[in-house]
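Next up, some structures in structure tokens.
Heads up, the next two complexes both have chain A, just with different partners, chain B and then chain C.
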Partner chain A sequence: MPILLIAGKEAGELLLSVRGLAWLLVFSVVLSAFSLLLVSDTELSLLDNAQVVYDMTGIATALGGLLALIVGVDTIAGERERGSLVPLLLTTVSRDGILLGKLGGIAVAWVVIYVLAAPYLWAVGSTGQNLSDGLLGLALLGTPVVLGFGFLGMGLGAWLGTARTGLLIGLIVLVLAASPLLLGPSLRQTAVGRAFDAVNPFSAAINAYDAVIIDSVSVAAQATNLAVTAAWFALALWFARASFCRIAR
Partner chain B sequence: MLIEINSLRLSLSGVPILHDVQLSLREGEIYGLLGPNGAGKSTTIAAALGLLVPESGTVRVLGRDPLREPRAVHARLGVLTEQGGFYDWMTAERYLGFFARLYGGSPIASALGDRLARVGLTPRRGQTIGSYSRGMRQRLGLARALLTDPPLLILDEPTSGLDPRGRRDIHDILLALADGGVGILLSTHLLDDVDRLCQRIGIIVEGRTVAEGNVVDLLGASSSPQRFRLRLTAPPPQAEIGNITVLASDGEWWTVDIDPAWNPEAVWPDLFCGGWPITEIRRDSGGLEDLYLALTERTAA
Partner chain C sequence: MRRWHIVVVLALILQTLPARAGDLSIELAPDAKNPPAPQMGDNLSFHSIIRSNGPATVEGVIAWLSLVQIDPGREQPVDLEDWSAHKAVTAAALDAGETLEADWPLRLIQAGTYRVVVSAANRDGVDLATSPFEDFVVREKPVVESQRVLPVALAIPILIGIAMSWRRWNA
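Up next is the complex of A and B:
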């Protein structure tokens, strides 16, 4: 019950506060801009239908990771700076209960991005082609990646104590992790690129999107990629919990 | 005893903050925790709340160790932090309901309404907190602290930034709560608040308690006389009564010294009975401010 209450409060922070609504508006504009670019490419026959759905899925994952990171940092370090974390710590709810509630808030943020992204995936895929593959990939692989970035934000916020530093470091990690979106295939085939891909949850997700959306491979065959994203999720959750438990005030 | 802290030592990131802090607060008492900025008041409060781990010494709150039993302590404790910590998008009623549920209670509208009425926020109950002034936020913070009808309140600067009316309202609420048996730990820089509210004080300087006890006793123990200016409608019938010495007069204002060992509050009735036509009393020196400055300067030197 307290976990749901705190998760509800976090959702309200995102959906009812001016700051949260402004972020969602910005993400909608960014998704619209990418959609226009991708639709233009398909009209010019530069990209095929599966390719643009794959691109859009990767973009939605990156944006989801960004929003989760922002929410994660704000929910700990931001609240701490605004003085609203201590009253929560002084209730009868356990630290783990508060942490789980806040994790619930990040999950709500991801659901909102997922729902926002769905019509864009539908639109760029020429009215629904490859939509189900995109949504499935996003749900199974995007979810652990995005939530992991939320947990990373929470952990950094708790560990460093300031929202600005936590966000800065989190953004560097996110940009590094999402770099495969921008790198060409040849760079990713080098030894360094392969090693990076092997441990990077973002690479695991987009490699799986590639296989499922473009090559029509079954999701069940993506066990390695699923394992990498699940490991990232677990590691980030452990970091968030360890950092949150050491918060004093 | 609601709070009992003995020989508390505490470091943060390897830096010693508290060296030797003592504090004891009883039921129905308002205790003023004083000290310069950075003296360790907030750290002491954080230790009492179980948020920081002491190196040595004992901390007992409501008869329990707040580190070992934080939830049991927090359930019977009301806290107002200096920053308050509010969710601007919520209404006051929703905010209190949220915290009432977190404390495991059911947010009955009448109970929430009662808390809001006690702090004078009933007319603004439906407004979002973002539109509240600082004084209204302080009142809401106090309403949150009172949600569980706790026997102990810990308040950090509850009247800072308030206008005189707002301060007086908060004073009245705190005095009424203390009359009802609630113990209140008040951390503040405003000596007027302490003068009006507190029976006992503790002064912390550089992480050490340099004075603790009854305000009157501490003032009495200081060597400097307590100087007052009295407004009289006629000259006093006699220049000296017991421990009072008349020093000078300037029209209707008369300057008097009271022996430091005496409580001025006990002296005034004697003067009235002795025929002194007093219409106004103002403290000139020898009060809490002088005591505070003397103790903090002495320690700093």
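Up next is the complex of A and C:
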């Protein structure tokens, strides 16, 4: 299967090379630093514990989105600049096959991030609340958000042609989307904040994490947030396909 | 005859006066299933009975739970948002002798000594009705266990570092 071959090659470059492992090391150091901060806090309440699990799921989603975006841009625009995309386009593999194969590499990297984040979540959240639901929420809502950013990166890389511009625009979009992680609740309660929240897939994901982990609402009640993240995934897929087809013209 | 008239007039006046919250009495009791020595993460429940003592109907009754921490040096009201999703109970009207019962679940978020009280107000009353206090102590429970965090926080970066070194060595 050519799709699996492409996915295996992309995942191998991300996970098995020394340079590829460096991002995993940085990711684990970020989570380790966050976890160690907690050990020194002797006045944590159960709510704070849930807050930490919520923060960690948000960080994992943001880092996953960042990785997916950068790899997405690089896998099209970067390879185009390095001259390795054209030979791939000349093969018999369909455009959709190439796109799916390249997304496969990003999906494998996201799985690795998820697996890497799980012991940290267990370590800080095992005595708190809703850990398993939090992990389920991260899988259900984080996955379409992260893979959507992978498609966005591929779409930008194909559409703009240069990795630098694609990265710049993609990072701006990611920072904007992930801004609810930094904004206080009061800012998000304004009319503009609520409207932004309603269409922002990242907001949908972290609002669901908040509801599930902190407010003990069931994952099944997050249908609206799931729909927003699914819509984001579909929109990003459409953009990536449309942009990637332009390359052949 | 004149005395009888006065009695009737007084009765009519009393009938038209708004019912006071003082016409309400509140009983508050912990649920029998509550753990005897609760700790953080446990759930408690309290049962309240709001009774209209008459004579008039009390309209627009709203009752809510309040929680205060009373540890020396840490006296403060507690924001119930995190402790309970059960915000308030209401009744359009309570006739004389009628009761309004409610259960108040609490998830114990933080260690300390607490007092819980149910208050009730009504639309036209001037007084606040309150229940007697119910006190409880929440025992400390470690929420972040260092023996779990430290191995994970130290081991994972070290393992990835070893994997990087191994790859570099074999490259």
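Everything that follows uses one rule, which is that the second predicted complex is superposed on the first by the 231 of 249 C-alpha atoms of A that agree within 3 Å, B and C clash if a C-alpha of one lies under 4 Å from a C-alpha of the other, contacts with A are read in each partner's own complex, and residues count from 1 in each chain.
Quick note on the criterion: a residue touches a chain if its C-beta (ideal position, glycine included) is under 8 Å from a C-beta of that chain, and two chains touch if they have at least 3 such contacts.
Note that the structure is a prediction, hence the values are computed from the model and not measured.
With both structures placed on the common chain, the touch criterion links A:Ser94 to chain B but leaves chain C unconnected.
In the superposition on chain A, no contact is made by A:Ser218 with either chain B or chain C. When the two complexes are overlaid on their common chain A, residue A:Ser17 makes contact with chain B and with chain C alike. Taking chain A as the reference chain, the count of touched residues is higher for C when chain B and chain C are set side by side. In the superposed model, A:Lys9 makes contact with chain B only, not with chain C.
Of the two partner chains placed by superposition, only chain B is touched by A:Ser84; chain C is not.
Across the superposed pair, chain B and chain C both touch chain A at residues 16-18.
Looking at the complex, you find that chain A touches chain B at residues 1-2, 5-6, 9, 12-13, 16-18, 79, 82-94, 248-249.
Across the complex, chain A is touched by residues 12, 46, 49, 51-52, 71, 74-75, 77, 79, 81-90, 98-99, 101-104, 144 of chain B. Across the interface of their complex, chain C is touched by residues 16-18, 21-22, 24-25, 28-29, 31-33, 35-36, 38-39, 41, 44-49, 52, 116, 119-120, 122-124, 126-129, 214-215 of chain A.
On the side of chain C, the complex with chain A involves touching residues 40-41, 82, 85, 107-111, 141-146, 148-154, 156-157, 160-161, 163-164, 167-168, 171.
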